[in-house]
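Each structure below is given as structure tokens.
Same chain, two partners: chain A is paired with chain B first, then with chain C.
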Partner chain A sequence: MKRYVLGRIIRSVISIMVVTCAVIVLVFMGVPRDRIFRQDQASLQKLASKPDELTNYRYNKWEDIGYLDFQPLSEMCTNSSDDYAACMVPGSDEFNRVVEQYEADGYTITEYETSDLVFASRDYSPLELVWNFLTSFIEIDHPNVIQDADNPDLERRIYIGSDFNGIPAVKCTGCEHEYLIYFDSSFPFIHQNWIQLNFGESYPTFQRRDTLEVISSGQGELVNAPTTFPNGTTGNSTLNLHTCTYKPTASMDRMDLNKFDTNYANCMSNYSSPSMINLSYIFGIAALVLAYLIALPAGIIMAQKKGKWQDKLGIIYVNIMISVPSLAFIFFMKLIGNSFGLPDKFPQLGFQDIRSYILPVIILALLSTASLMIWVRRYMVDQSNADYVKFARAKGLSQSEIFNRHILKNAIIPIVNGIPGQIILCISGSVITESVFAIPGMGKMLPDAIKANNNTMIVTLTFIFTALSIFSLLAGDILLTFVDPRIQLSSKGETR
Partner chain B sequence: MEEREVILSAKDVEVKFRVRDRILTAIRGISLDIYKGETIAIVGESGSGKSVFTKTFTGMLEVNGDITNGTIMFEGKDLTKLKKDKDWEGIRGKRISTVFQDPMTSLNPVRTIGYQISEVIVKHQKKSKAEAKQMAIELMKQVGIVNAENRYDDYPFQYSGGMRQRIVIAIALACRPDILICDEPTTALDVTIQAQILKLIKDLQKEYGFTTVYITHDLGVVANVADRVAVMYAGQIVEIGTAEEVFYKPAHPYTWALLSSLPQLGVKGEDLYAITGTPPSLYDKVIGDAFAPRNPYAMKIDFEEEPPMFKITDTHFAKTWLLDPRAPKAEPPKAIRNLHERLLEITDERGDYHG
Partner chain C sequence: MEENKFTFVKLEESAAEHIAAPHYSYWKSVFRRFFSNKVAITMLIIALAITLMAFIQPLFSGYDPLDKEFINTPSMWYLPPSLEYPFGTDQKGMNMFDAVWAGTGMSLKIAFIATTISTVLGVIVGAFWGYSKKLDVIMIEIYNIIYNVPFTLVVMILMYILGQGQWQLIFALSCTSWLGTAYFIRVQVMIIRDREYNLASRCLGTPTSKVIKHNILPYLISVIVTSVARDIPNFISYEVFLSYLGVGLTEAEPSLGRMVQNYVQFIQAPNASYMFWIPICVCAMISISLYIVGQTLADASDPRTHMI
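And then the complex of A and B:
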């Protein structure tokens, strides 16, 4: 089984990367690149009177996001000329030589509108886009990452220490992060900074932050809490010391020196609201549990009372739920909820108030009950007609004994297989619900990112959703082996 | 033949099914005494009602079926009066057990073999789980499972078809029933395994002394195991007698036809015999002898009046007008006239076919 699972994981990772790369090519080649500035009109307006700076700004952004390689003249001359001063004079021999060299390398040389300087740019081909993404995708932290000329004596090692709460943690000096593995009170309780996925910076929304950071760090207001700093001082602070990264000695200020005895002073803050990912998960899991709590018993009752009024009622419900468009259902439920005093939008009462969650969770759960119910019913009915049920009856078992000991265990198998998939449905299904209720979650992020032409965010979310669905399939298959003895996950030639 | 104790006595049993607003009479008045310790085989083609008839012994009729007439007396109780599952407690699976046709699907695929055996013991004999396990392993050994202790926790998919049928038999016999109904127990098995299973049931019967009711359309099985044979056609028993009587002195034209169509009696180069036509629709009232339209010996009266059960010997009865003194003499077809010799030719000394 180990070999099979390993093979499946490798194949899953390959599929995820294929999907992600395909989306990268589609987004970067298919969408006109000027559109990324639509949501950034403020910056463009500021530069409107200075066309050269505007050009620089636009090309710099494109380069940051990964569209192209942009080199202003100064960079061209630093890279390709020994005589920087001569190179910087347009029309000189050295200048012409460098320009020719760049043109030969496939660059387009463009003159600025006002000055007579030029810059070179070269669009990446689809293959280069994918290559650039893949080569910078995984960042593994190690003790030789930090190169700080002002701190030549920096110790370089990974060790097991304890954090500011006295809880053991894998720490590092010389790495980008101070804590490589640590525990805290937030789900999933064990965290790591060792391996980081890099999707690039978010633009034009959530500017100057990595996309993963945008969806995984807290939201809302900063939270002040009593903190003991590494050098022993205490005080109220918003900093989350687990997230600290290396700060170059040159930029360490007095406040940093007051709190930190090492250079790991670049910390993120604690926020009052959960991150987008966490918020989506809270809704997803709560809705999933509720959906199963409703649909499992309902489907079982429908199967047991097949043809009776309970069954007919259930079928009417399922029919309505399947035929009514989910958007219409969401608004209908919202109307009912509002009449009970539940908030219209999530931010009205905020994340601390339980009432903010009730309506979206109920809607998300009900949306997935219909198909669940009908499948549960169908599996139960299928199983009750099986021969082993007839034989169990001939054995003299009562109806309820047959049901609990024999039918249920067989009917539950396909249901168990689908549970991980349902988790994914909850999160991706919440795309609509989150938008309607203005919930700042990951589901709402996808349409928002598409609207804003936030390419890196689209790629990030694609990667996350794809990874979730593919690994949920694997998780479903692994779960199967626990409930169905006939299923063994093994590759050819592997002994059980 | 000496007087024997009757263990189950069916009188005038009639079973009707409601099928989409129509009434189908599957069993049209069957009376049958089953004696303690005997092996009786009920034979007949598909749809003749043999399974339905025995299902009334355990209250296993489908929900749309009802016993509309008659009594089935077992240990002083009328089984036709039992309606709810609770009424059947202590009889079904305990005193009267059933072995079904397909061992591949008779066992729950996701429960261990051991669980499925000990479950009945716990249920009917009120034993503890540990005791039940010991008894189950003992049973598994008795039905010929090698290394029973280690195979107790195996699942059905880890057993072969023959071994599964042994387990099904072990489950059926777990509570030492008085009657074992074998509903085509060997149909789904290959011939070598068939013989083993039949021998197993025979041996166990000797040991425990239960009564066996075979339901089958395989006359080979019948010849092999049965003391008495009841031939069913269109929801009635048309001939009943000891195995010798039914095989060697058959009296009903349907039995003749059935025996003639034994593939083992086929002569190389000639077509196998097949009964022409189809059984009558049981939705309509059957007038006269139900077999008459397919019967080459049919007389006028066969189409007009239902024949009574004629007594041939103390143990041999047949329901055909041919036995009426007024009927012309009809000889059985040539193919089955010297059946005894022909059968001896094609079977070995143990009674198994080698042809």
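And then the complex of A and C:
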């Protein structure tokens, strides 16, 4: 069993990486690279009168996103020439030698439009794209990460201390992050900064922020709260001290010195609304629970009253749900909800108001009830012909006792297996529900990123959605063995 | 007993070979079964009417979504449904009747072509996949990798890479869904492949092609019809869904999804909400009718239901 699960996890990880790498290659090779600037016309217009700076800006962005390796002349000369001054003069021998060397390495040498300087650029091949992604993908924080010349006496160790609230936490000095593992009151209550995934910077929307940070940090307005700073002073602040990272001594200002006694002063802020990822989780989990609360009893009743009006009504409902396009269904439900005074869009009442959640959760849940109901009914009907049911009936048990005590226990097995699989449905459902209700979650982010040509964000979301669905399938299989001990995932000895 | 009460009957060799079974024709039984369902007939008529309307009406109207003839003529804006404009006009004075049928035609075209491609490809690959154990080892790994990824995600990313447009959408839909069909067929082929009558056939020296054609394919018809019946409404739904999100068809192509996206702003307007509800209703009608026709046809094409 352990071996099987380990094997499955390894295969799942490989699966996720294959899909992510394939998407990276397709997105970077298949989408014309000029498209990324479509949403960034403001920056381009500012530079329109200076064609050379515009060229630099464009190539720098492409390099940041990971399309190519861009080296302006100054960089070329620093890297491959001993005589910097001579190299920087176009037409000189040293200049020609460097240019030839770069051309031999596969770089394209291009001249600027107005000046006679040149720059070198080289597009990454698909293999290099994947390699660059994989090598920078996982960042593990350790006490030797920080190299600050101004702070030579920096202590370097990991220790268990307490945070500003007095709760134990794994802390570190010398790492990028001050807190490696900490607890707080927000979901999922235990947090870590030890291992960070790096997907690159978001562009052209949410510029100069990492994609993962965009979807995992809070949204909305800043929240002021009384805070005790590390050096003992107290005051109202928006800073979330758990997220502090190292700030080089050279850039520490007086404000920082007033609050912090160490260099960990680069903190993120607290926001009033949950992050995109948390908002999507809230909706997903609430909808999943509601879907089961509706579909399980409905399916059981349909199986109990097979062929009667309850069954027929249920089948009509299932057929309608499968055949009506989800968009039509969502708008229809929205109309009904609006007549009860529920908000039309999520931001109207904001995240604090419970009414903002009701309609999207109901719609998301109902979207996945149809398939659940029909499967519950199918399994229960199949089980009701089994020998043990006939025996129970012969013993004189009542119909409801047979259904609730005997059949349900056996029919629930495949349904338990499907619980995590429903998460996949929730993902697809969330894309459209979040778009219709303008909920700022991950589901809405995907079409938004596609429309904005935000390549790195698309790769990030692909990774998250793929990982969620693959691991939920694995979790479903493991859950199966807990519910029914007869089922073994690994076959002993013989192979099929 | 008198001898002249009997006459001699000539012995007929062929009559002894004749098996006294009622005449059975597969397709006749399918249609008899299908047409015994009144709901299915009604839905078939609705589906046919919508399909014919969607493919013929645009030929006469010559509808072009980019045509802005009446954009500066306020008297043409927001006309409620009437005899001249059965579905009214929108905020730019466009005839909604033309727009809805052109959009429906586009949705149907995409759904039909994508279903054809994915079914043909899926059945061919699935049949080989189910029959060959060597191919199974490779294909099942590919399937495991791809199938775990949410379908919506794959289609949206493909649309991003390929760009918007009807042929790109058809490509994205069919190249992601054929694998599902192939897997479906593979399981069915595997179930039937090792049945006793197939073993017997093989023992008697029947060539593989004949086994597939006579023993396996007839069994698959109802399975294939079921998958087609599921795919067509699904694809219509996807076109509407993706165009609504703005990653499906371009502005220049008529589409129900884009209409929904454009007119969703009028959902609260008391006199203009018809603009939003008409495309939604047409879209729901076409996919419900096609789904029910398909399901009934799938039931009817299963030979096990033909017993009288």
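The definition used in the following text is that the second predicted complex is superposed on the first by the 486 of 496 C-alpha atoms of A that agree within 3 Å, B and C clash if a C-alpha of one lies under 4 Å from a C-alpha of the other, contacts with A are read in each partner's own complex, and residues count from 1 in each chain.
The definition used in the following text is that contacts are C-beta pairs under 8 Å (C-beta built on N, C-alpha and C of every residue); 3 or more make two chains touch, one makes a residue touch a chain.
Quantities reported herein were computed from a predicted structural model and do not represent experimental measurements.
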Joint occupancy of chain A by chain B and chain C, clash or fit | fit
Specify the partner with more touching residues on chain A, choosing between chain B and chain C.
-> C
Return first, second, both or neither, reflecting whether A:Val324 touches chain B, chain C, both chains, or no partner chain.
-> second
Quick one: classify A:Lys409 as touching chain B (first), chain C (second), both or neither.
-> first
Mind working out whether A:Gln399 is in touch with chain B, chain C, both or neither, as first, second, both or neither?
-> first
Look at A:Pro485 in the shared chain and tell me whether it touches chain B only, chain C only, both, or neither; answer first, second, both or neither.
-> first
Should A:Ala452 be classified as contacting the first partner (chain B), the second (chain C), both, or neither?
-> neither
Pick one for A:Lys390: touches chain B only (first), chain C only (second), both, or neither.
-> first
The superposition places the nearest Cα atoms of chain B and chain C at a distance, in Å, of 10
Going through chain A, the residues touched by chain B and also by chain C turn out to be none
Can you name the residues of chain B that touch chain A in the complex?
-> 58, 60, 85-86, 88-94, 97-98, 100, 102, 105-112, 119-120, 123-124, 155, 157, 168, 171-172, 175
Mind listing the chain A positions that touch chain B in their complex?
-> 386-388, 390-399, 401, 405-406, 409-410, 413, 483-486
Chain C to chain A touching residues, read off their complex | 144-146, 148-153, 156-157, 159-162, 233, 236-237, 240-241, 244-247, 257, 260, 264, 267-268, 276, 280-281, 283-284, 287-288, 290-292, 295
Chain C partner contacts - residues on chain A that touch it in the complex = 11, 15, 18-19, 23, 26-27, 30-31, 319-320, 322-328, 331-332, 335, 338, 344, 424, 427-428, 431-432, 435, 446-447, 450-451, 453, 458, 461-462, 465-466, 469-470, 473
